[in-house]
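Multiple structures follow.
First chain A sits with chain B, and in the next complex the same chain sits with chain C.
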Partner chain A sequence: MDSKKWDKIATGVLYFIAGVMILILAFLLIFILWNGLPHVSWHFLTSPAKSFQSGGGIGIQLFNSFYLLILSMLISIPISIGAGIYLSEYAKKNWLTNLVRTSIDILSSLPSIVVGLFGFLVFSISAGLGFSILSGALALTVFNLPLLTRNVEESLRSISGSQREAGLALGLSKWETVLKIIIPEALPGIITGMILGAGRVFGEAAALIYTAGQSAPPLDFTNWNPFYIASPLNPLRPAETLAVHIWKINSEGIMPDASQVSAGASAVLIIAVLIFNFGARYVGNHIYRKMTGTK
Partner chain B sequence: MNDEIKEKLLKKSRATRSEFRGRIISFVCTAIIVTVVVSIFYFVASKGLATFFSNKVNLWDFLSKTIWNPGSTDSHGSPQAGALPMIVGSFAVTILSAVIATPFAIATAVFMTEISPNKGYKILQPVTELLVGIPSVVYGFIGLSVVVPFVRHTFGGTGFGILAGTFVLFVMILPTVTSMSVDALRAVPRYYREASLALGATRWQTIYKVVLRSSAPGLATAVVFGMSRAFGEALAVQMVIGNAALLPHNLVSPASTLTSVLTMGMGNTVMGSAANNALWSLALLLLLMSLVFNLVINKIAKRGKF
Partner chain C sequence: MADERKEIISATDVHLFYGRNEALKGITMDFRENEITALIGPSGCGKSTFLRTLNRMNDLIPSVTITGTVMLHDKNIYAPSTDTVALRKEVGMVFQQPNPFPFSIYDNVIYGLRLAGVRDRRILDEAVETSLRQAAIWDTVKDKLSESALSLSGGQQQRVCIARVLAVKPDVILLDEPTSALDPISSGQIENMLLELKDEYTIILVTHNMQQASRISDRTAFFLQGDLIEYADTRTIFLNPKEKETEDYISGRFG
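Right after this comes the complex of A and B.
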């Protein structure tokens, strides 16, 4: 009898804690959206930030976030696919592969502030890039590479060996088999992982404060020449992203409406992350259905 | 005619060449990653060790003294770089948040795998995924606008301090630890549960005496992983901890962590100065700690294989 009573009590406690978990998420989402969404308007999304007066927007920061995201994905996607192919197809079981795996493990567990400081030292100072989008994108690449690589490797590994044998039996080389048979089949998984990685990069701030900088100089949206200093596409200008902006105005801001602006910016950030999250699943499923013909 | 065939046979085929090229490309990509890791260690260590070799700070003083003012020198002429307040702060928020998060995370994971594997799992799986995806500055902002005022009203003081940091980190690592615990519980073979139930054990007895015990290494890995996340988190903690490089007297007095001092200080010091080198030593400490966490995780994970 006693053990049955305990069983009931324990089940009740577990239900309660699971409920608390859901409440925490609900509270976070509602708090951010409830406080933030009223401040989000077209004006807020497109106008530049103001340092000393209220009424500033997040236009430049939003653009910077996306530009930085695209640049860093352009660098990290090819590298991670290459490394993923090597690890799943070519790597033999020896000390070298162990070394590679250990370093990927270590890289993925490094605090992002350490990655940011490394980027500051190497890209901003030693390479002379200064506080710029390019050094920010390189730091984000370092931050994102281990997870993307692992994702590519796992997606490739999940493809059955008979596909590889089929390719080799047709007289294709190993490399051709990978490119033309294995990667297309693994594509849904790879793309899902990439989009999730993009969401993570979009919200990252610690790796950026000393690489992409904490200032957002005004941009001239009529001049798209990448070499012009105020051009939105210039990769050598400093670029404060949305996440860095939230941190900056909260920790050392003198803006009178800092909490409204950060509430609005947080809401935008959360919505972007939600879109990335659901988008990843939707796009992955969509491609899978399209390629396999399953309904 | 004969020569042409001979030449064709002796020359590498197109496929062989593309195979060679592909092998090289993929190897170079892998080499890039390894190079990055090695150079992170090299650069951070070369900067961080300068405190001890060129600025002549005693390693033991660095770890045990409590006065952090590396811009000025003490009576012996070496910079006052006592990192103990930050070390204590970092470990305090890490351990406290892990202590609170562990029961919540494991209970949720048990609920998802043992109590309600269909409905509960379907609801809680996306919940944890979404929580993982929320950027850390947003957690910091919520900490600043909800947790800090709450702590101020309830416990007095400014509200900034280790307690606020603990709350923020608790919510931050909760989803990570939960989803890793779920993986650990799912790895327990089904026949373990069946055997226990067949012996007449209730569901709770099965969970407590069989499932949790056999998945203990996996659960420990999840907790240590969460701790390493908490230890390395910078901005969210920096926003709520109060940023005073003092040894904390209690949980609600302003304190600082390794990461918060790094975040605040790096931009205000001149490259190569003693103050700057001391900050790099903190970064090196952070790097070494993440290595330690990594080693511990590997050690535990080796034991937990079914």
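Right after this comes the complex of A and C.
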């Protein structure tokens, strides 16, 4: 009787804790969306920001965020997949691979402002890239790569060893086994991790302040030549992103409608991150079902 | 009659060490073509380890050292020039736990072929049907080849795994306790299938199930603590064993 009572109490406490967490999240979401959504319109999403007058939008910042995201994922996805495969399938257990793993763990716990300052020194100053999308993308790669690599490694490692044996016993080489059996099986996990990583990158501000810069010069959306200075695709132009924009108008914005712009931008950012999170689940499950033929 | 059969594999003085621990203490035995050979013995006696030396699966474990020779078709598979990938196409293996890939039944069966470069849909279709028929599961799955192999029962999964091995057309099939995770009915079906298969393949079977060894094998080898104690016709081993340890084991006095 006593153990039954305690079971009930423990269950109640756990429900309470979970409920508190959900309430906090729900409160944040509702608060941000309630304040921000009324300010979001097509005009707001597409027009450039204004420094001194009201009525500015976040069009360029939104484009910058996506472009930066794509560039940084283009750099970090291949590297993280390669590194993850190495760590999970090929690395022997010795001091060197332990060192690599420890370094990755330390790298992943670096505060993002430190990564930003490192990126500023290395990419913007030493490499001469200045405040540019490319500097920002490289800094985000430093920020995101450790987590992506660990995700790839963990996804591959979660595939049972019997699958590797099955592949090898069928006369596949080790590389064929990894490429044609282990990676396809781990793909849903890998893709989920990548999309969550994308969400993290999308909302990152501190690492970008000193690398991608805090200014969003006007873009000429009719000229897509990446070498033209006002071209949206030019990777060497400074590019304030949405998250940086929110930080900036809250710290030094002097436009009359700064608080509305900030609230609207926050709502857009939150919605984008939510889309990434739900998308990750949906895409991961979808690929898993498609590959395994289960319904 | 049985003695006229050709030897396909002969192992000579095979020692295997895990680090310093000697798990196989000089095994010398040969396997004849188109026979089922059963390896029996208590857990940890080295029978599975020995089975895995025959397609060099032990190479995958670091710290393992192997000495001695294993001749397959008169070639030493432990010679430095051996291509283990090619070897494992000749010597297929089925494991204790059914381990189908989480893909469709069709894809499971043709995985080896497709990776070997076969693209012709007709050849693949034919291989799927032949292999699944040989594995005695064609009638059960022919209408759901595109469904996941994981949706099948354990016994059916194991037969798909066997079909997957057959599709590569090996000469020898190694089975490591293939029925120990299955119910008696599925086990019986797999035993019957193995009896059918031995006309075309050489089968080497590790089993904990003494009845299974006596029902389907032609010859039986008894392992104990890394040694091959006795190896003879299955009838002789079960009815008239020479060694005391063998008799004790098969009569259930230990193990």
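Quick note on the criterion: the second predicted complex is superposed on the first by the 275 of 295 C-alpha atoms of A that agree within 3 Å, B and C clash if a C-alpha of one lies under 4 Å from a C-alpha of the other, contacts with A are read in each partner's own complex, and residues count from 1 in each chain.
Here, a contact is a pair of C-beta atoms (placed from the backbone, for glycine too) under 8 Å apart; a residue touches a chain by one contact, two chains touch by 3 or more.
Computed from a predicted structure; not experimentally measured.
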Touching partner for A:E176 - first (chain B), second (chain C), both, neither: both
Touching partner for A:L148 - first (chain B), second (chain C), both, neither: neither
Touching partner for A:I58 - first (chain B), second (chain C), both, neither: neither
Touched partner set for A:M194, first chain B, second chain C, both or neither: neither
Chain B versus chain C as contact partner of A:K92, first or second or both or neither: second
First, second, both or neither for A:M291, with chain B first and chain C second: second
Partner, of chain C and chain B, that touches more residues belonging to chain A: B
Partner chain(s) touched by A:A166 [first = chain B, second = chain C, both, neither]: second
Intersection of chain A interface sets (partners chain B, chain C): 171-173, 176
Chain B-facing residues of chain A, complex: 3-4, 6-7, 10-11, 13-15, 17-18, 20-22, 24-25, 28-29, 31-32, 35, 78-83, 85-87, 89-91, 99-100, 103-107, 109-115, 117-118, 120-122, 125, 142, 145-146, 149, 171-176, 178-179, 196, 199-200, 202-206, 209-210, 214, 243-244, 246-247, 250-251, 259, 262-263, 266, 269-270, 273-274, 276-277
Chain A-facing residues of chain C, complex: 55, 57, 60, 62, 85-89, 92-93, 95, 97, 99-104, 111-112, 115-116, 146-148, 150-151, 161, 164-165, 168
Chain A contact footprint on chain B (complex, rising order): 15-16, 18-19, 21-23, 25-30, 32-34, 36-40, 43-44, 47, 103-104, 107-108, 110-112, 115-116, 120, 123-124, 127-131, 133-138, 140-142, 144-146, 171, 174, 178, 201-205, 207-208, 228, 231-235, 238-239, 259, 262-264, 266-267, 271, 280, 283, 286-287, 290-291, 293-294, 298
Complex interface listing, chain A residues touching chain C: 92, 160, 162-163, 165-166, 168-173, 176, 180-181, 184-185, 291-294
